[in-house]
Amino acid sequence: GGGAAPAASQAAGTAAASAAPTKPPRAAIKVAIGSAASLNYLSWDLAKALGYFEDENLDVSLSYSASGNDAATALLSGSVEFTGNSMDQSIKAQIAGKPTKMVVSFSKTPGAAIVVRNELKDTVKTLKDLKGKTVGATGQGTGTHVVLTYALNQAGLVQDKDYTFKPCGSGTMAATLDSKGADACINSDPYITQYVAANKGFILKDYRTVKDTTELIGGSYQFTGAVTTADFIAKSPDVVQRVVNALVKTNKYIQATPSKDIAAKLPKSVTGDDVDLYVKTLDAAKGYVSADGLIDPAGAQNVLKMNVEDCKVNPTLCGNVKPDDKVDVNNLFDNSFAQKAQSK
Amino acid sequence: MAPAISLRDVAKVYRPPRKRPYLAIEHVDLDIPAGRFVSVVGPSGCGKSTLLGLVSGLLPPTVGEVTLLGSRVTGVRTDVGFIFQRDALLPWRTVRENVELPLRFRGERDPARAKEWIVRVGLGPFIDNYPHELSGGMRKRAQLAQSLVRDPSVLLMDEPFSALDVQTRNLMENELLNLWGASGKTVLFITHDLEEAIALSDEIVVMTAGPGTIKARYPVALPRPRNVTEIRFAPEFVALYERAWADLRDEVARSYKRSLEAG
Amino acid sequence: MAPAISLRDVAKVYRPPRKRPYLAIEHVDLDIPAGRFVSVVGPSGCGKSTLLGLVSGLLPPTVGEVTLLGSRVTGVRTDVGFIFQRDALLPWRTVRENVELPLRFRGERDPARAKEWIVRVGLGPFIDNYPHELSGGMRKRAQLAQSLVRDPSVLLMDEPFSALDVQTRNLMENELLNLWGASGKTVLFITHDLEEAIALSDEIVVMTAGPGTIKARYPVALPRPRNVTEIRFAPEFVALYERAWADLRDEVARSYKRSLEAG
Amino acid sequence: MSTLDLTATTAVPLTRRTWFVRTIQLAVIAFFIGAWEVLGQAGILDKFYYSRPSLFVPRIGGWFAEGLGQGSIYRDIGITLLETILGFVIGTLLGVAIGYLFARNELLGKAFDPLLSMFNAIPRLVLAPVFILAFGIDLQSKVALGVTLVFFIVFFATFTAIRDVDQTLVDNVRVLGARRRDVTSQVLLPAAFSAIVASLRTSAGFAFAGAVVAEYIGSNAGLGRRIATAEAFFDSTGVFGGIVLIAALALLLDAGLQLAEGAFSRWKPRREH
Amino acid sequence: MSTLDLTATTAVPLTRRTWFVRTIQLAVIAFFIGAWEVLGQAGILDKFYYSRPSLFVPRIGGWFAEGLGQGSIYRDIGITLLETILGFVIGTLLGVAIGYLFARNELLGKAFDPLLSMFNAIPRLVLAPVFILAFGIDLQSKVALGVTLVFFIVFFATFTAIRDVDQTLVDNVRVLGARRRDVTSQVLLPAAFSAIVASLRTSAGFAFAGAVVAEYIGSNAGLGRRIATAEAFFDSTGVFGGIVLIAALALLLDAGLQLAEGAFSRWKPRREH
C-alpha cells in the first residue's frame, strides 16, 4: 500500500549552523482538519496564530476538509502528515488495516448537541418525546449519528421503528429544520450556538458538556484530537513531539485565556466575520476542550463501546465495522508525546 | 385595376458591419399588372435577387414603398411563391415531405397533389430521397414543386431553371407557361438567359450594373400560346434579343471596368 | 502520350441508408488527352457531378479504375482545380482570404496574384466582402478565382458559369479560353448550355439519362482561337448543336417518362 | 465488362457494422476493467482506495440478491433514477424553451444574458441550504439541483444553435406560409437538433451526478446515500459498486439519447472516405 | 425623388446599439438586486438564509478595505481564479482535442463513446478522496476536479459540431491542397466555433463552481473556503458576499469569451427582420 510519504523535509545543515545550537531542524507539516470552522479543532488554528509552531521551528500549513472522512483520506494517502479528526475515524482506519494514532486530545465530549425546532418547545422536553419524530445527524454513519443513535437507544427509541432518521448535514441543518424536513438534529459548533442564537431552536441534550456526556456514557468521550499515522510516528518521532508540544501548550492557553482575547488572536478566516458570535461559541466550547491534551483511555474505550454497541442495535450503521471486529483500544492513541509535553 | 406588384422609388442599402454601406438598388419604379409575365435581366450582382427580396417582404426597403396585391409590403408575404436562388429545401425532409410542407402549413393534407407536382418536375423515382441525395438540378426542380404546389397567384422566381439542361429546361418552361396561361398568375422572373426571358415573357426589364436601376423595359409582342423551342427563330425575337444584348453589354462592360479600377 | 484523365469501365453506386442502392453511372470509359478541352452534357441528374467527383478522388468508384495524370486515383487529388456546383467558399473568409487560401496551403504568400484573379473575375470592389454579402453569380466567380489562382494543370468545372448573365459569362468564357490556350491545360467542363459547350470545347461528351453512360462523343472541328460571341453563327456550330440537341431530347424524354411511370 | 450486383452489401465498411462497433466498445470497457483488476491485483492501485472489479462485482450481485424491502438496492436505484430523470427532463425543457425564446427575441436574449452567466457560475453545492429551504429536504430539492445543472448546459447550446440556423431555410418556409410555431418545429429545432442532443448527452451525466450529490448532502435513500455510507466506512468496494451502478444507468440513458439522435439523423450525408 | 444619405446611421436599430443593450442589461441586474433587497426588507426572504444586498455589499467592501496580508480577499480571489482558469484551460484544450480526434476518426470515436458517457455520469464529489489520493490536497486536485467538469461539456459539443461540418467545404479545401491541419484550422474549427464557444460559456461557469466546491472539500484559502467558513457560522451575508464575487468574476470571464466570439463572428449574416 502507499505508505505515508515523509514530506517533513529536513532543512540543510547550514541553516542549523547559523541558528541557536539547541534549535531543532526546520520541518514542514501539512495538516487536514476534519471540519470547517469546528471548535473541536481550534487548537490547530490557535497554535498557528500564536506562533507556537514557529517556536518549534515547524512550518505548518492547515487545510480544511468538508468531512472527517476526507481528512482521514488525506492522511492515509500521505497527502498530509497530521489531521484534526475524531477517534471513530481511527477505529475505522484500524479495521481497514491502516493504523493511525491520536497523539493529542482536543475534546473530551462528543462536542455536539441535539437541537429541536422552536415550534416543538412545548411537546419535546426529553429524548423520549422524540418518538414518532424525524431526527437527524450530519450524515448517516457519521460520528454524530452514532452518538444520536446511542442516546436514543438509551431512551428506548430505535431508529426506523420509533423515529425516522434523516440526514441534516451540518451547513444545511438550519434549512432542514426550518423547512420542517426534520424535527431535531444533532450537530456540533458553531452551528448549534448560531442556530440557538438566532432563536430558531433550543437545545434538548448538550453533549458538548461533561454533564450530559457522563449521563450518556458514564464518563468522558474521547472525541477529537490530533491524529497521525503509525508510520509517521515511527519515522519522525521528533517532529511528532514538537507538534504535540505546540498543541498541548495551546490547549493550556485556551483554558487560561478569556474567549474574547482568544478570538482577537485568530484570523477572520477562522472566526468568521461576526466575532461576537464566535466568542459565544467559544464560551460553550471551554467546557469540553481538553485542558492538558492527554488522551483519556476510558474515554477512548467509551468511543469504542458506543460504536460496537450501536452495531448490535442498528447494523446499518456499521458498514465495515462488524460487531465481532476486534479493535485494540490501545492502538488507537499514543499518549507518550502528550505526557512528555506536560513538563515543558 | 391596381397593379399586382408595384415599387415606388425604391432603394436598398446593405449595411455590412465594419464596411461602408452598399447601395444595391436605387430609384426603382416598377408596376406589374396582374396576370403579366415579367422577366428581369441584368448583370451579375446588379440587385435582381434584392428586388425579389423586397417584393416578398423578406428585405425591408431602405427608401420607397413596395405594394403587393393591393397592400403595402411590411413583412414576409405568404401569398407569393418564391423560388430562391440558393438551396432552400429542408435537408432533413425528403422530396415528398418538402413538397407537402406548404400544404401542411395551411392545414391541408393533399398527398396526391404533392405527388402530382413531384412527378411533373420529373422527380417521381426520387420522391423519398433527401435533398443531399439529389443532383443540383433535381434540387432546383424540387424547389419548383414546393413553391407551385400551393398555387400562389404571384410567382417570384430567381433563376429557377439555370441549373437545368436545355431539354429539361424546355420541359419546365412549357409547364410554367401552361400553368400561367391557365390561371392568370402574375410572374416576376429572373434569368440570365435572354432567350428564355424573351420566350416566356410579356415584358423584359433590363437593369443597370450596381447600384441597379431600371435601364429599359421591352414589351414582347410575340403571339401566345408560344412554343419555347420554336419561337427563337421568329424575327421579332431576334430583334429583341439584340437590343437587350446590347443593353447588357454596356452594363457589364461598365461594371467590369469598375472592378479593374478598384484592383 | 498517356491521357491526362482516363476512366476504365467505371460505375458508381450510391448506397443511401434504408433505401435501395442507386446506380448513378455505369460502364463509363473515357480518355482525355492532355491539353484537351472536353465538355460533358447530359440530362439533369444523369451523373455528371458524380463523374467529376470520381476524377478528383472525392468519390471512390464502385467498379473500375480512374487514372489522373498518369497515376491511379485512390484519394483526394490536389493537382486539379475543381469548381463545385454547390457553394464551397468558406463563409468566414472574405473574398480575398478565400482566394489566397490555396496559395497559403502551398506555403506561398502572393497577395498580388490573388488580387489579380479577383479583379479578373470582376470582384475588385468586393474583395473584402464575405460570401453571404455577394450575389449568387459573384460567389461563383469567387470560386472560379479560388480554383484558378493555383494554376492547376487539370481543371474540373461543374457548371461554373450557369449563374452568370450572358455578358459576364462571355467575359469569363473568354478568360478561360485565354488561360487554357496559353497553358495547355486539360479541362473537363460540365455545362447545360449546348452553345457554351460547342463554343469552348475540342470535344463534347453526351451522357444518357441515369444510370449515366456515354451516349455519344462529338469532336468540335471549329478553328481556334475562337470568339465565343461570334462562333455560334458558323454552320458547323449549328449542325453540331442540332445533333447534340436531338441526343439530349431523347434522353430527357426517356428520363421524364420514367418519372411519370414512377408517379 | 464487370457486372454489378446492387444488392451486395460488402460496400458497408466493417467499421460501420453494428456488431463490429459493439464488439469494439465492449472491448474498450473490458480492457479498462481488466486493467483496473490487474493493477489492483498487482498492488499498484491500492485496494483500500480503488477497490477492484473482482471485489465490487460480487458486492453489486449481493445487493441485488438481498431482494426487496426497506433500503433495498431496487429502491435506491428507483429513487436516484426518478430524481435524475425529473431533473433531466425539467432542465431540458426549460433549457430548450428559454434558449429558443432568447435566440428568437434578440433583445430579450441580450438583456438576460449577463444574469444567466452569473447564475451559471454559482456553485450549486453552496446553495444547498437555500434549495432545502425553498424545496424541502425531499425529492424536490434534489430535482431542483439537477435542474440547475442541466438547464445551463442545454440553454447555451440551444441558444447558439438556434441563433445560427441558416436564414435561407427560415425565409423559405416563411414565404411558404409557416406560422411561428411551424418555423420552430420544422426548421429551428431540427436544425439545432444535433447541438441540443450533444448538450443532452453531457447534461444527462450531470443530472445523475446532481442527484447523487444531493443525496450525499441529505437523504436517507438512493445510490448517493449508499455511496456516502460506504465512504464513511472507507469501504471503497461499496463506493465503486455504487459508482459502477450509476455509470451503468447513465449508459442506458445515453443509449436512449443516441437512438433518438440516430433515428433523426438518417437524413445526414455520410462520408464515403 | 428621395435623396439617400449612405452615411446616415439611423438604420442601426436601437436594440443593436451597444449603449442601449448595456443599459438594459444593467437594468435587469439592478432590478434583480432591487427585488432581493425589497423582499429582504419586507421579511419575505429570511435574512438568516438569504441576506440582503444592503448587507453583503458593505461586507464585500470591508473585505477589500482590509488590504493585503494573510487570508486577504485578494489572495482568495487570486487562488480561486488560478484554479478556475487552469481547470478551464486544460479542460477546454483536452475537450477540443479529443472531441476533434473522435469526430475525425469515426471508429475511435465510437469505440470510446460508451466509456466517456459512463465517466461523465460519475459524481465528481464522490471521487473527492480519489482526487486527493491522486493529486494531493493542494492546487492540483482542485484543478483536476474543474478539468473533469469542463472536459465533458466541451468534448461533446466539439465532437458533434465537427462531425456535422458541411462536407462540401471540406472537400473544396482538400482539393485546393489543404493538409490535414489546414482542414482543421481553416474549416473544422471555424465551423464548430459557435458550438464550442457555447460550450465554453457553460463550462466557464462550471469551472468556477468546480474550483469553489473543491475548496469546500479541502483547502485553506480561496473564495470557496471563505464561503465555507461563513456557512459554518450561518453567516448568509458572508456566503452571498462570496457568491456575488464569484458571479462577478464569472461575468468577466464570460465577457471575454463573448468578445472573442464576437470578433470571430463578424462574418455572420445578420437578420434584418
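Should a chain be cited, it is by its letter among A, B, C, D and E, assigned in written order, with residues numbered from 1 in that chain.
Definition applied: a contact is a pair of C-beta atoms (placed from the backbone, for glycine too) under 8 Å apart; a residue touches a chain by one contact, two chains touch by 3 or more.
What you see is a predicted model, and the numbers here were worked out from it, not measured in a lab.
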Labels of chains that are neighbours to subunit B and to subunit E: C, D
Repeated interface matching B-E, over half of the contact pairs identical, chosen among C-E, B-D or C-D: C-D
Far-end chain from subunit C, centres as C-alpha averages: A
Leading chain pair when contacts are tallied as C-beta pairs: D-E
Chain centre separation in whole Å, for subunit C relative to subunit A (CA means): 82
Subunit C and subunit E, separation of their C-alpha mean positions in angstrom: 48
Centre distance in Å when subunit B and subunit C are each reduced to the mean of their C-alpha atoms: 25
Touching two or more other chains - residues of subunit A: 2, 69, 73, 77, 171, 174-175, 178
Shared-contact residues (touching 2 or more other chains) in subunit C: 58, 76, 86-87, 130
Residues of subunit E touching at least two other chains: 46, 49, 129, 133, 216, 231, 268-269
Contact pairs between chains, per stated definition: A-D, A-E, B-C, B-D, B-E, C-D, C-E, D-E
Subunit D residues touching subunit B - in the complex, by the definition given at the top: 168-169, 171-179, 182, 186-187, 190-191, 264, 267-269
For the subunit D and subunit E complex, residues of the former touching the latter: 15-16, 21, 24-25, 27-29, 32, 46, 49-50, 106-107, 110-115, 117-127, 129-130, 133, 152-153, 155-157, 159-161, 164, 167, 194-195, 197-199, 201-202, 204-206, 208-210, 212-213, 216, 224, 227-228, 231, 239, 242-243, 246-251, 254, 268-269, 271
Contact set on subunit D toward subunit A in their complex: 43, 46-49, 70-71, 128-133, 136-138, 217-220, 225, 228-235, 238
Interfacial residue positions of subunit B with respect to subunit E in the complex: 9, 11, 13, 15, 17-18, 20-21, 23, 26-27, 58-60, 62-64, 75-76
Subunit E-facing residues of subunit C, complex: 56, 58, 76-78, 80-82, 84, 86-94, 101-102, 104-106, 130, 132, 146-147, 150
